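Letters A, B and C mark the chains in the order given here, with residues in each chain numbered from 1 onward.
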Amino acid sequence: MKRRILPRLDKQLRRTYETAIIGGGVHGLGLAYNLAKRGMKNVAVFEKSYLGSGASGRNTTLIRSAFSTPEWIDLMQASVDAWQTLSDEIGFNVMFTRRGYLIVATSEKNAELCRRAVPLQNSRGVASRLVDVKEIKAIAPCLDTSRIHAGVFQSNGGIARHDAVVWGYAAAADRLGVDIFPNTEVTAIDVEGGQVRGVRTTRGSISTPRVVNAAGGHSPDVARLAGVELPAKTYPLEAFVTEPIKPMLDPAMICLETLTYLNQTARGEFVAGSEPEQIPPSRSIRSTFDFLELTARHMVQLIPALAGASILRQWAGLIDMTLDLGPLLGETDEVKGFCLDCGWGGYGFMASPGAGRLMADYIVSGGAPAQIKPFAPNRFALNKQIHEPSLVVLLPEEKSAPAAEKRSA
Amino acid sequence: MPSSESLRIGGDSARKRINFLYNGRSLSACEGETIGAALHASGVKVLSRSVKYRRPRGLFCMAGNCPNCLMQVDGRPNIRACVYPVREGAQVCSQSGWPSTRFDAFASIDALGFLFPIGFPYRYFVHGGWLYHKWERLLRHMAGHGLPRNGALNGVSASQVKTSAECEIAVVGAGPAGLAAAQAASSAGCQVALIDEGARPGGSLLLDNTAGSRSESRNGQSGGDLLKRLTAAIEGQPNLRSYLRACAFGYYDDGLLGVLQENHLIKLRSKRLIVATGAYENPTLAENWDRPGVMLGTAVQRLLALGIKPGRKAVVTAVNDFGLEVARRLIDSGVEVIAVADCRSESEQSRRLAERGVKLLMSHGLKAVRGRASVKAALLAPCDQEGRIVSSNGTSVACDLAVTAGALQPANELLFQATYKGSYVLESAGTLARVPITGDDMRVDENLYAAGNAGSIGDLEKSLLEGEIAGLSAALSLKAGSSALKERCESAKARLSARRQS
Amino acid sequence: MKRRILCLCMDVTDHDIETAIAEGFDQTETLKRFTAVLMGPCEGKSCALNVLREFARLTGKNIAELRVPTLRPPIRPLPLAVMGAEES
């Protein structure tokens, strides 16, 4: 038989690794693959459940780089570039589909944000354009445009198959010699004199000078194992899927006001989510009734014909969200050798191919690439938060914070 | 056998007629029928095409539990036609297949399946994103099940479609266990809500009201009598409210039960939840078991309960007495039962079938089904005790209906939405069931009780006792009951425990 | 033996389960994600048991020890119009 899609992951734990990555999702596996590609082959990935069991396999798979601050645009553009050729690169079809990404604004304030953002996006290489109501109607005829003021359309954004990204990265990393250990929980991180020394897992202990926290929603807990308190908390994020229906909506899309994001998969199902005004931090992934009502209302507002469609299944995942909703990228000041690739909130999936490349460059060369520098973990201490207003996320607790209006996609 | 003869028992003229449109063609139904049943009675066999291999699919479960009868009804896609009531003037369209469901131009893909092994898209189109883009476009147009029409359900969003309600004890399922629980809880003075998907309370009792597979322990009482007694006991109870044609679709935090009653959503908050949702019948696998004309035993029961013959010449395969019971009911209803295959050895019940002219094949099961758009014959072959076919030498029996009466499995989704406490057990005839860990008071978790087949598969007496215990103990956990009530609860517990030991 | 359909919603056959296991999807969770069993319109009501039995047979695992994927709400499909309506 041909090569298996998911490799046999039954290697023996070595005593020493150059880098140990915690979290077998798109970030952990993507980073491992990129490290190995850059010549660092002695890498281990630990995942406490099956690969992709966290937010990697639970998100709504939207991909864009049309943001409104230079920092976010540059970071995500690195990813959008990587998405275009990811299948080719790792030899596995991740089903990235360039159906485009549509952002709609139903208030004048957000329409103005779109108008201001597009020139900035274009100047930094984003394939986006400002679209008026007529054009929005042409891109997505099913939308009720009566309340839409304007929008942004990014032609090379879209969606991908989340599980395929996990499997593709896992197989590619495995071929390059990375040791991947699913169903292996990290129980302790050994730190001596402010320097990472090793990791203890349910499969045994290893020594390593470098640990990368790519644990997604569990990253604050993992950081605590190294004695580091992250400026991030764990929140549940929900989504649902409708029964399959004939293709109605080509692009992936978000609505800035209702904090709603949706896309229609190749199978015809609508995958959608909508953010409530506030969610308290929690590790519960129980589905809620309120979420169904909220998202259903917003979806029907956007696409009236969906009134007659039905919700098939709902689920939840955990995300780790920082105070400015931006990721935490780089080594911590507190513990040398403890690196972060977390805090992605609802934007981890779309960022993964770019983050894998940039973080690997960072780890191999020691110098932070320009795209990740602004997202250094110590930016809060230095009061250098980044306020990106086009995030579809509500700021968790400090609703009064000036720019951060919203929370995920 | 004249195929023009009506499948409606007693002929077509007996009941009030309803006219509806199916793919633009005018058909008639009888009052009380579902769309699926009416289509079946009108001779429509292929209801859909399967999603990948475009295989013809027909009426199979009659319970809304499979995808075979998904149809567009009055502009709403994916309606389960088998359980959706037929209404005057309804516009029903099949959803899948091109140019039509009956004749699908892509049906040859079924024979070319080897070209498209599972997961093939991950391996194909790796290089050159544009190729995948084109493929996806094609796939998107092949996929999906109908398109919601603008304005379908328009009236719904405007007027009263959502209400909140409260009760002390919510009982989900109005079968024997649920009725017993609701009766017990309301007689103890609790505010009770009883929720059931059916148009009438009764659950499985409605299906076998002549005698029935679960009748042995009924002490000579017929299913109909029992149903009358149970429904009479809850009728007119001022502290009991019934929600019929209603589905409790989810159990959320803070005791919130989501209930969908047709197009009405009820947010029901209760202090205790009793799950008595009964069981599903598990399909028996065979080559081409998914052909139109193959039906579950419970589907046969449901069609017969609507006064419709599921077919004209039947073959029945059984893994337990339920299958033999289905065969008997088919004969009683005027369906010619040619053969019965039972994976077990001969019994009193199977001999009785033989006396009525049925060809009996003991230690036999269904190996394959012949026919494409409809069943032409069933191939019966020797099997082991669990129904696995062990020999390729079979007997081919011409028929237009193949009934695969399978084992029951608990319908326990709601139960396990509400709790994590349960363990998997392998029950008789290979049924895997996740069984909740219940105390002798049928309590599963803090506010959660399970009763009847939803907890674990058993006979009618077990369901009735468990329902009574769950209802009484839930009530007693909320208020100090009279000593008579406590005695009744203890006595029921003692009887159940005695049954378990025997 | 000819292939048999196991999952009516997604047309998954016994051969497909075998292929999926050979491709490395040897846990129920990953099998579900790879083959889409239990994720069609019936949400596993008509296929779950048969899929698990076939999976257990092919992997030699004890069916009672399989990790069965979480049962997710809603049990029946919910019309968006009804879910999204304002409460009266």
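Odds and ends about this structure:
Convention: a contact is a pair of C-beta atoms (placed from the backbone, for glycine too) under 8 Å apart; a residue touches a chain by one contact, two chains touch by 3 or more.
A quick note: this is a predicted structure, and the numbers were derived from the prediction, not measured.
Counting C-beta pairs in contact, the pair that comes out ahead of the other among A-B and A-C is A-B.
Distance from per-chain Cα centroids to the pooled protein Cα centroid is smallest for C. If each chain is reduced to the centroid of its CA atoms, chain B and chain C end up 18 Å from each other.
Centroids of chain A and chain B (each the mean of its C-alpha atoms) stand 41 Å apart. Mean C-alpha positions place chain A and chain C at a centre distance of 26 Å.
Shared interface positions of chain B, i.e. residues touching 2 or more other chains, are given as 76, 78, 119, 145, 153-154, 156-157, 250, 252, 258, 267. Counting partner chains per residue, chain C shows two or more touched chains at residues 23, 34, 41, 72-74, 77-79, 81, 83-86.
Among the residues of chain A, those in touch with two or more other chains are 5, 243-244, 267, 287, 292, 300, 306-310.
Listed in rising order, the residues of chain B touching chain A in the complex are 75-78, 119, 121-129, 132-133, 136, 139-141, 143-154, 156-157, 250, 252-253, 256, 258, 267. Of all residues in chain C, only 1-6, 8-16, 19-20, 23, 34-35, 40-42, 45-47, 49-50, 52-53, 63-66, 68, 71-79, 81-88 touch chain B in the complex they form. Interface of chain A with chain C (complex): residues 1, 4-8, 50-53, 57, 163, 242-244, 267, 287, 292-293, 296-301, 306-315. Residues of chain B touching chain C in their complex: 50-53, 55, 57, 60-61, 64-68, 70, 76, 78, 113, 117-119, 145, 153-154, 156-157, 159-164, 247-252, 258, 260, 263-265, 267, 280, 282-283, 285-290, 368, 409, 411-414, 416-417, 423-426, 430-432, 434. The touching residues of chain A, counted against chain B in their complex, run 2, 5, 84-85, 87-88, 91-93, 95-98, 164, 167-168, 243-248, 266-268, 286-289, 292, 300, 304-310.
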